Structure formats: C-alpha cells, structure tokens
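Both of the next two complexes hold subunit A, though its partner changes from subunit B to subunit C.
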Partner chain A sequence: MSNEKKELCLSGTGVTKVFGFGERKTVAVDHVDFSFYSGELISIVGESGSGKTTLVKMLLGLISVTEGDIFFMGQKRDIRSHRKKKEYWKGIQAIFQDPFSSYNIFKKIDAVLLDCIHMRGGRGLSKEKKIEMMTEACRFVNLKYEEMTNKYPFELSGGQMQRLMIARIFLLKPKILLADEPTSMIDACSRATILDMLMELRKETGMMIIFITHDIGLAYYVSDSVYIMERGKIVEFGSANEVILNPKAEYTKRLLTDVPKIHEPWEFSKRKRPMTQEERFSSPQPINIEV
Partner chain B sequence: MKNTLRQVFRSGKFVTGFVIFSAILLLAVIYPIISPGNPLQMIGLNSFIKPGTYVSVYDSLNTQRTYTFKLPGAAEKRIDSKLSNEDRLNIKDYLLRFGLPEEAVDIEQTHDLLALWWNNYDPELRLGSTIAENRYFARLDDKLAGIFESEDIEVGELDPDTGEYVRKKMVTETDYVNVSDVANVIRLPLGTDNFGRDTFRELVSAIGTSLQIGLIAGTVATLIGLLLGLLAGYLGGVADDIIMFFSNLFTVIPGFVLLILIAYSIDQSQRGVTTVAIVIGLTSWVWTTRSVRAQVISLRSRDHVNLSKLSGHSLPRLIITDILPYIASYVVMAFILQISSGILAEAGLSMLGLGPKTTDTATLGLMMDWAMRYTAHISGAWWAYYPVVLVIALVSFSLNLMNTGLDQIFNPQLRD
Partner chain C sequence: MGKVILEVNHLSTKYITRFGEGVYAVNDVSFKVEEGRSLGIAGESGCGKSTLALSLMGYYFAPLHYIKGDIIIDGSNISNRHPDDVRKNVLGNEIAYIPQAAMNALNPTQRIIRFIEDVIRAHNPKATKGDIYDLARERFEILNLPADTLQKHAVELSGGMKQRTVIAVSTILSPKILIADEPSSALDVTSQKMVIKMIHDLMELGYIKSMIFITHELPLLYNVTDDIMVMYAGQIVERGSADQMIFDPLHPYSKGLMGSIIVPEDGTRDVKLTAIPGTPPNLKKPPDGCRFAPRCKYVKPQCKTASVPFEELCDGRGSRCIIPETELREAYRNEQ
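== the complex of A and B ==
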C-alpha cells in the first residue's frame, strides 16, 4: 500500500475495558490508542491473556467499552441501536479462533451463507441468483457448493469450516476484517491455505485486515504494521520491519526469542535475564500461599 | 432430530419410564371411553365395600336358565364360607377345655372337628370363662346345627289374595347360574370408597385430573422459568440482578410453605383444579430459572452467538435460533421433572386439606385425603388408599426415570 492513499479507517483513543468491581477488578485493556489505515494489514501480537480478544470484541461492538472512544471512518462510532449496529457490521466483520464453535450446530451451512446475502440487501434476489453467489463464494475458498449444501457444520472438517468462514467474508465484502487467531486451531498444512486465501481476498477487495496472533513470526511475514500488546497495554507499534527487526520494548525482545527456529537449539538460557518477581507471579502456574 | 429420537429410545431407563408412563396415560384415556358415565357416582350405600364381583340376589333367583354342576369341593367350600377360622379356633379351645388331648383336635379336618364338637358339646357344662363366652358357644352350636344339610330350598311368592305362599322355584344344591345371564352384576375391582363410589373408576379419573394438574403446573413453571432465565442470562446487568433477587427470595422461602399460604388465602369456592395447578406452577419456577440462566450465560459468549450477531440478527431471533435449541434438551428434562413435582405437590396440598375444593372431580391427592378422613386405614379398607399411593409412586418414578435416561443421553459424561 502506498503512503499517499492512507485514509484513517478505524482508530481509538484511551480505549479501556474493565471487568468486575472492587477487589475482583481486572483491567483487560488499559488505555489503548491506535489508528488503523484502510487497506493495511495490521497484526496485534501478544501472549495469552494480553487482552487481544477483548480488544477485538470491543472493536466489533460485541462488548461495551468502559472508557475511551472508537472512531470509524473518521467519525465517532455510534452503535446504540440495533439498526445502527447492523449498519456498522456491514463494514466490519470477523473470523473467530475456533471454527468448531463458530457455527450454530442446529442450522445448515446454507443458512450461514444466505444470512450474508440477506445482510447485503439480497433478500429479494431469485433463488438461482442466490445459489450462484454461494457457489462463487465456495469456489473462491476451494470448496464445492454441491458438497456443502444441505449439510450440518459437524459434517465438515476444521479446515473446511474455517474456509467457509472466509467464503462468508467474501460474500459480505466488509471494509475491515478482524481475524482473531484464525489459524490457531488448524493443522499446519491448512494454515497456509487459509492465510493464502485471506491474502487473496485482501488483494481482491482491498479491505483492511486486523490480524490477531500470538505468533510474532507470522505477524512479521504477513503484516504492514505491528502492534505489540502486553497485559492490556500496547507496548510497541510501528511497521513490521521496524518492530521486529529493531525491537525496543523488552517484551517484544522476549517474544522474539521465544520463536522456535529450525537448526538451532531452543533453550531457556537464551533469555537475557531471569524472570522478574512480577513475571513469576503473573505466570499461569498455581501459587502456593503459605499461612 | 430423528437420530436424537433413536438414541433416546435406545436408553433402557428412558424406555422403562416411558412404558410405565404411557400405560398409566393410556389407562386414563381409554378406560373412560369403554366405560362412560360419571366416575364419582355413588353406587354403594355402604362405605368401603370390598373389591369383587357383585351379583344381584334378586336377579340370580329369577334367572331362567340354570345349570347343574356336581363339583367335588362344592360342599366343603360352602361349609368353609360358614365356618371361619376364628370359629374353628374357638371350637378347638372349647374341646381342649373339655379335656381332649391337643393332638386329637385338628382344625383343618372339618368333619372330624364337627363330629368332636357334637359329641362333646354340652350347654350345661359352661366351660367358658365368662357368660359372654358361654353364650357364644351356644350360638355357635345353633349355627353349626344345619351345616351339613343339603336339602333343596323352595322359593315361594306371597299370593296377595289368599295370603299363602305359592311355590315358585326349587333351588337345589347343584344348581348354578351363569353370571352373564344375571341382569345386574357389578364388578368392583377395587371396591368402593367411603362414599360408595367405585374406587377404580374414581382412580382412573383422578389419574387424568392429576396429570392435567402436573401438565398445567409444569407448563406454567417451565414457561416462567425459561423466560426469566433467558432474560437474566442473556441481558445480564441490572435485569439479571433484579431477576436473581426475586429468585433468591423464592429460594429461601420454602416453596411448600408459600404454596400452603397461597392456597389457604384463595377463597374456597375459587379453589378449583386449574387454580391449584397454576398456584403450584407459580411457586416452582425458581430452579428452572436458575439453571436456564446458568446455561444461557455460558452460551451467550460463544462464537456462534457472536457470529449470529455479526450477521445482523435481532435479539428475539438470536434467542430463538441460537440459544433455545442449545438448551432445549435441558428444558425438556426440567419440564418432565416439573410435571412430576406438580403432581406430588398437589397430593401434598390435598392431604393437608388445601387441595381443589370440589366434589365433582377426583384427584390423586383428594382420594388420599378422603381415605384418610374416613379412616380407611383403620377399617382395613386398603383398596381405598394403596392403589392411589402406588399410582402416585409409579407416575413420579416413571417421569424421574425418563428424566435420568434423557440426562444420560444429553450429558455424555454421565453415560456408563
């Protein structure tokens, strides 16, 4: 993407999400500022529990924002009524992490694709036209519509399900796509296919993709700019080359050392320093409290 | 759907429960069709008539066709019906007092026993310890006088003109009539209750009414529970807090006490079957609400719900297509349990005298109430309450069995 064409698409100032009250208060996302430009591919990288998914849900408008503002296409986002939400969701869509739980197991696959056509105002189209659109979408993700129709989600493999999710995006053609670790539940071979398809879709529609991942290596290969998140805060951001090749924040450096490399032994001694007290307590291991 | 049903009917527990329940249901539906009429008609003037077949004495005499049977045990049977076991024991008692050795008296041998009695009984001896006992022996002697006689009985009719008896019929010992030839035969498989009503027909109609009560109470409770649970679980926040406040309130107040108070405060004339059923339903929604809420909370943050939202579906559609199907099996199970507890609650209320105030319908609880009030257990009229208890137990058992069977199917962790 050339720099001249940069148009602010989605941005936020001081976006915060707090769960619970008082002693049980958890700050999941802590005063995050970001500005995403249209057509970019942005990666948000962080380990588990760093608040990536919460941020995604706020961006999608699925959960409320405790503090701060989100701007969509230069204007303050307004999703107070169902009608406005629906309008907003025409511009922003998502692919979730777990394809197995993304489908309503009681509905046939056709219903998922039909919903997308209806959302784009295709309710009045003839049945043949609808089938043609669905066939095209399936072809885009290397699926055969004839094999998909009249099937329930549980009859598909994980890779097929996730590809169908991309077919859904193909039908909706949103401005922004939030991909929340779309490849983490998929085997390595399907992973490349899924990524390829996302890239192709981006090339075709010119949409902005926000790619959420814990894999900093993957982020480096696919993205234009990278945001590094640690415990609800964005600790570093910039173009992929800047951030990955010249990391400034300690956390980014640590993430980079944790990337396994082929032909090199993977040791913990590579860490520059032992874990600090704070890090140790924030680790997911159970802590024994002696009384 | 088809697969689910097939799976459900492969569960032994469910099928057992289903068969028992269907049998009870079929009885309640079919019996009134083959035997129409008011089930609460008072047919007997005595209370607590024993179970059995009753033949009109008048009609049995007037039956035209008689048959002759020479059955070997007939005479013994006739004697047995006149000589009870108690009488035999008393005869033995007398004979022992008279001085006979114990081994000489066998109460099973009717002929020998009576021969000993006639040989040794002497009213002058007064072997009884009280006057009453002596009188009893005298009466017994009179009663036994003609026991072996097998003379024919002459039936005469009083001629109103002459005032003389005209011979109408000779009934010999070997004469029999077919029961189907007798015009008036009453079959009482479970006798009658204190009001002289056929207990079996009453029971069948009570099963129907009680199932209706269970169904109404279960429907009311499940609907309220489902609605509040869905709202509390899906909306969360303040709505959740308010609904949970009320459900906590209803949880800490014992439901049965509340039920008694409501039932008591309703005017007696208003307290019909439907009212009681609705009141039961209104007090038993709490657990359905809580469990539906818990399920919905875990469902609402699932990705398929998020995806449905992103597809622009409205809230009602979201709840109906993305939440309800996931909890449907659970709600069906809760509904089955609600029916069972509704029937039990009605029985409990009625036994306390707070059930439906009605004399034209019977419920299982009211039958228990009547049996208890008219001291059926003291008069030994087991047929007035044991069958009712058995039916209540069977209905509740079969419904719970179906529930457990379903639970094992829909909760694979419980499968053995």
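== the complex of A and C ==
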C-alpha cells in the first residue's frame, strides 16, 4: 500500500444505533468514530452481540443511523432517495456470512451476474461482450461459466456460492467491499481459497476491504489495521501488529487468550511446550528408522 | 500403554439415497482410543467426520446403514446388536454424543431437569426423583454450572450455557467415551473456551474416560486432544500425536490442511496460506487407488491405480501414502 498520501474514503463521527426506546432500548452501536482510507484492509473484530453487523448495515445504508454522520469520499452521505441509494451502492458492496441466503432463489446465476454488468452501465453492450465479461469473472474465482449458466444458485455448494459472490464483486469493482464474516460458514481449507481470491481482487482493483469477523487470527492475518469492538464501542484500534501483538485494552487481551493458539496453548491444555520462533520455521528433522 | 476403551476395526458404513445409490461415507476405518486419552478428527466438510461419529454409536437408522466392521467398547462388541438393545444399554452409559447443533437439542417447553430425568429413567426406570435431583445438582455444581439452571427452560440460557448444559446432561451417566461433534462451532471464542474447559474438567474428574473430538479447526484440536486423525473422503489418511500432526504432517493432504492454519501469533502474517486445489471426490464412486491423487502435488502414476494401504510408522504414527516417508520429507524441505 502507498504510504504517501492517503485518501479518506469512508469515515464516521459519533455513529450510534439505538433499537427500541424508553426503558427497553438497546444501544447496539454507541458513538463510534472511524476513518477508513482508500486501499486499506480493515478488520472489525468483536464477539457476538458487539454490534459489528449493525455497524455494517449502517455503513451499507440498510438501516438508518440514529445519531451521528457517515461521510463517503469526503462528503456527507446522502441516501435519502432510492436513486441516490443505488448510486451509493455502486461504490460500496458487501459479501455476507451466509451464502445460502444471499441469493434470490428465483433468479438464475446469469441474471445475478448480468445485474452487476447493468449496474456498472453495461446495459447497452452486446450479448457476446456480456458473456465474455461473465466468463472472465467466473474464471477469476475458479468457476466455469459453462457450468454456471442456466443454473440456480441453490444448485451450488456453499464454497461455490461464496466464490460467485466474489465474481459479482469482480464485475462491480466497488470502491469499498464490506465482508461480513465471509469465511465463517466454510471450512478452513476453502477459507484459504476465498481469502486468496479477495486479496487478488484487492490487488487488481485497489479497493478498500472492511472485514467483519470474530476470528482475531484471521483479522491479524489479512488486515492492515484492526478495530476491536465491545458492546457497541470501539475499545482499541491501530495497525494489526500493534493491536494483536501488544494489546492495550483488557477486552483485546481477553479475546487473545481465549483464541486457541498453537504456540501458546491454553493454561489447562495438556500441551505445555511453547515453541520458539526458530523451531517453528525450521524444517523438522527426519526420523531415522532403524530396522 | 493404557487400557483400550474403544477399538474400531475396519468399520464401513454407507448412506443409501432415495435413488438407491450408496454413498460410502466411512470406509474401512480402524483406530483405538486408550483410557484417559482424547482423539481429534479433522478434515474438510463432507469427508465423513460426522458420519463416523454417528457410526461409532452402533445405532443406525436410515439413510445410514452398517456394512462391516467391529466397534468394541471396553471389551464388548456393539456393532451387531439390536438397535433397541444399543439404545437401552449402550447410548448414554457407555458412549455419549454431543451433536453439532446442540443448541437446538433442547426442547423449549421443558425444564432442564426433565432431560436429566429422561436420560436416567431410560436406563434405570426405578430411580426416584430425589436421587435424580441430588445427582444432577451435584454434577452441575462440580462443573461450575449454577444449580438453578436445572429449573430453567432452554430459552432462558445463553448459547454457551445451553451447550454446557447439553454436555452435562449427555454425560450424566458417566459414559466411558464422549463423542463431541463440533461442540463449539456456533459459539464465540470466550464461550468456546468455557465449553472446552468443561469437557476438560469432565475428563480430569474421571466422569468420562476418553473422548473423540471432531472439528475442522486445527488450532482448537491442538489445544484439546492428545492425538489427531485426519480423514479424507471417508478414509483415515494420517494419524499421530497432536504435536506431530500440527508441526510435522506427513501425508500430502495433512500437509495442505496444516497450511491453512491461521492464529493470532507473531509470524503468522509472513507465512502464505496454502489452499488445496480442486474438490473432494464424489463418494458415490470413490476413485480407484489413492483418493487424494487427483488433488495431490506429489502424485505419481501408480497412485491412481494401486490401492493404498494404511501403514503404521514409528511412534504410533500411521499414514496412507505410497510415497516413502523420506521422499516426502525431501519434497517438503525443497519447497521451503
């Protein structure tokens, strides 16, 4: 990432969301300030119920903001009319946790991808050109367009659906991608594939990615900066190395001790052998078998 | 070497689909679990981990069918017994199971004590209410669950509490072996740690003698279990101690899996994640020869035709690969 001049892409001051009112109100997001620069990869980490998803929904404009302002590209965000909202969504897109419920089950995959092309102003293109674009998008995520065409999303596996979601993002090329736990429903092995694709896409388009996750290890692995949320408040933020390796807030420290690690096992675990840095990266010695 | 609690010999089970096709989800699986030890099973989604867990209980219902093999719990074979017999005498007091969706396992209209009553009465119809309460209260207190949980309904409990309650209820009869199928996958890290701590306490206190823990999360498995077994396409491809498996995997598939570990520790960022290309084979028609061959980096022509036996190596390890150990290690070293 270029360090010289960072362009403010998405920021907010005192963003608050209150559900309910009076005695029964719940403050889901409590006066949160943030500034995300373009091209950055940010993670928002927190446990269930910390308000991560509410924040994402507000950023996307799916739910209203109770208090505070969100700024998009330096200007106050205006999504009061449907037309303006659609315009806003050209710049900001999302991948959700559950790929099974992210698609309209009545629409074929072609329609999903065509929608994206149309949204980018490709309505007037020839059919061949559109198919070429869709094929390219599918190839990018290791799917075959020939196998995808004329199918419904529910005929795919979870990992394939999530990859198709990335193909959509590839066609739309938004400025900001909100990824709300994109890998929590798939196993560790497909997770690596999905992450690789997102990183590739980021390299190609230079978009900003906001990762929402409860997996602090994942946040550490992928992101430039990390925001830690607890009960609607951001308790700590900074570069990934700073936050994860030198946590200041109590909450971050607790999260870090609760995550299963392989070099500092849990205090009650039977593994008592923390490995040194050298041991970790040196290749293991072959065991000699004496016959 | 401790007493062998569970011994599984050449167990095979299959699903029969609506169209009468067989899906061979567990194929010739053999292993042993000793007293006081825990075994972890890892693998991708769809590799047969959960089916193995179900098959181990000796209680088969459609579409799951038994083909062959023995399951020997503490000397007695349960694989060929009548389902009612298994239900009455094996489930609960010999072997207990915690399902993946344990959060939804509790009937919302009943109090927690009712589930415990159910479990105990199923095995001992004469048990009095007083005895049941005493046992339940004692067990809940030892496991750090508030005793008033017994009078609550499932909806009043949080996710982590529900999961711990389910574990306490399913182990109330002190089974010899506990099978935990992803007990913490729906929980956040703090509740996950509490659940694991509780299972650990159960073992320390001797309420369960040994455990099989199934998950695809390898760092968790490393913290919980003594040994790890990796499954691929219904077969065991490698077995070894947790340290060996995490830091020194031998089979190319295990090697690939270990490359996908992400932990928040210094140095993780410098290592590139490796993804295994391709998809697992269709278990309706498993390929001849090595099942991993189509996705393997180190594949040789004979891999695709010769059937690959599970070979015991030194230190209690075992691997299912025809490429010799030294050659594999050489290849891994050259890659670094």
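Convention: the second predicted complex is superposed on the first by the 263 of 291 C-alpha atoms of A that agree within 3 Å, B and C clash if a C-alpha of one lies under 4 Å from a C-alpha of the other, contacts with A are read in each partner's own complex, and residues count from 1 in each chain.
One rule holds for everything that comes next: a residue touches a chain if its C-beta (ideal position, glycine included) is under 8 Å from a C-beta of that chain, and two chains touch if they have at least 3 such contacts.
The structure displayed is predicted, hence computed values, not measured ones.
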{"item": "Contacts of A:188 with subunit B and subunit C, given as first, second, both or neither", "value": "second"}
{"item": "Touched partner set for A:244, first subunit B, second subunit C, both or neither", "value": "second"}
{"item": "First, second, both or neither for A:81, with subunit B first and subunit C second", "value": "neither"}
{"item": "Contacts of A:196 with subunit B and subunit C, given as first, second, both or neither", "value": "second"}
{"item": "Contacts of A:102 with subunit B and subunit C, given as first, second, both or neither", "value": "first"}
{"item": "Partner chain in contact with A:260 - subunit B first, subunit C second, else both or neither", "value": "second"}
{"item": "Which of subunit B and subunit C A:116 touches, first, second, both or neither", "value": "first"}
{"item": "Subunit A residues touched - subunit C or subunit B, whichever exceeds", "value": "C"}
{"item": "Which superposed partner A:94 touches (first subunit B, second subunit C, both, neither)", "value": "first"}
{"item": "Subunit B versus subunit C as contact partner of A:216, first or second or both or neither", "value": "second"}
{"item": "On subunit A, the residue positions that both subunit B and subunit C contact, one per complex", "value": "none"}
{"item": "Subunit B - residues contacting subunit A, complex", "value": "302-304, 306-315, 321-322, 325-326"}
{"item": "Touching residues on subunit A, where the partner in the complex is subunit C", "value": "47-48, 158, 186-193, 195-196, 214-221, 240-241, 244-245, 254-256, 258-266, 268-271, 273, 275, 277, 280-281, 283-284, 286-287, 289"}
{"item": "Subunit B contact footprint on subunit A (complex, rising order)", "value": "57, 60, 62, 82, 85-86, 89-90, 93-94, 96-98, 101-107, 112, 115-116, 119"}
{"item": "Sites on subunit C touched by subunit A in the complex", "value": "44-45, 159, 188-190, 192-193, 196-197, 200, 216-220, 222-224, 226, 242-243, 246-248, 256-257, 259-269, 273-276, 313-315, 325-326, 329, 332-333, 336"}
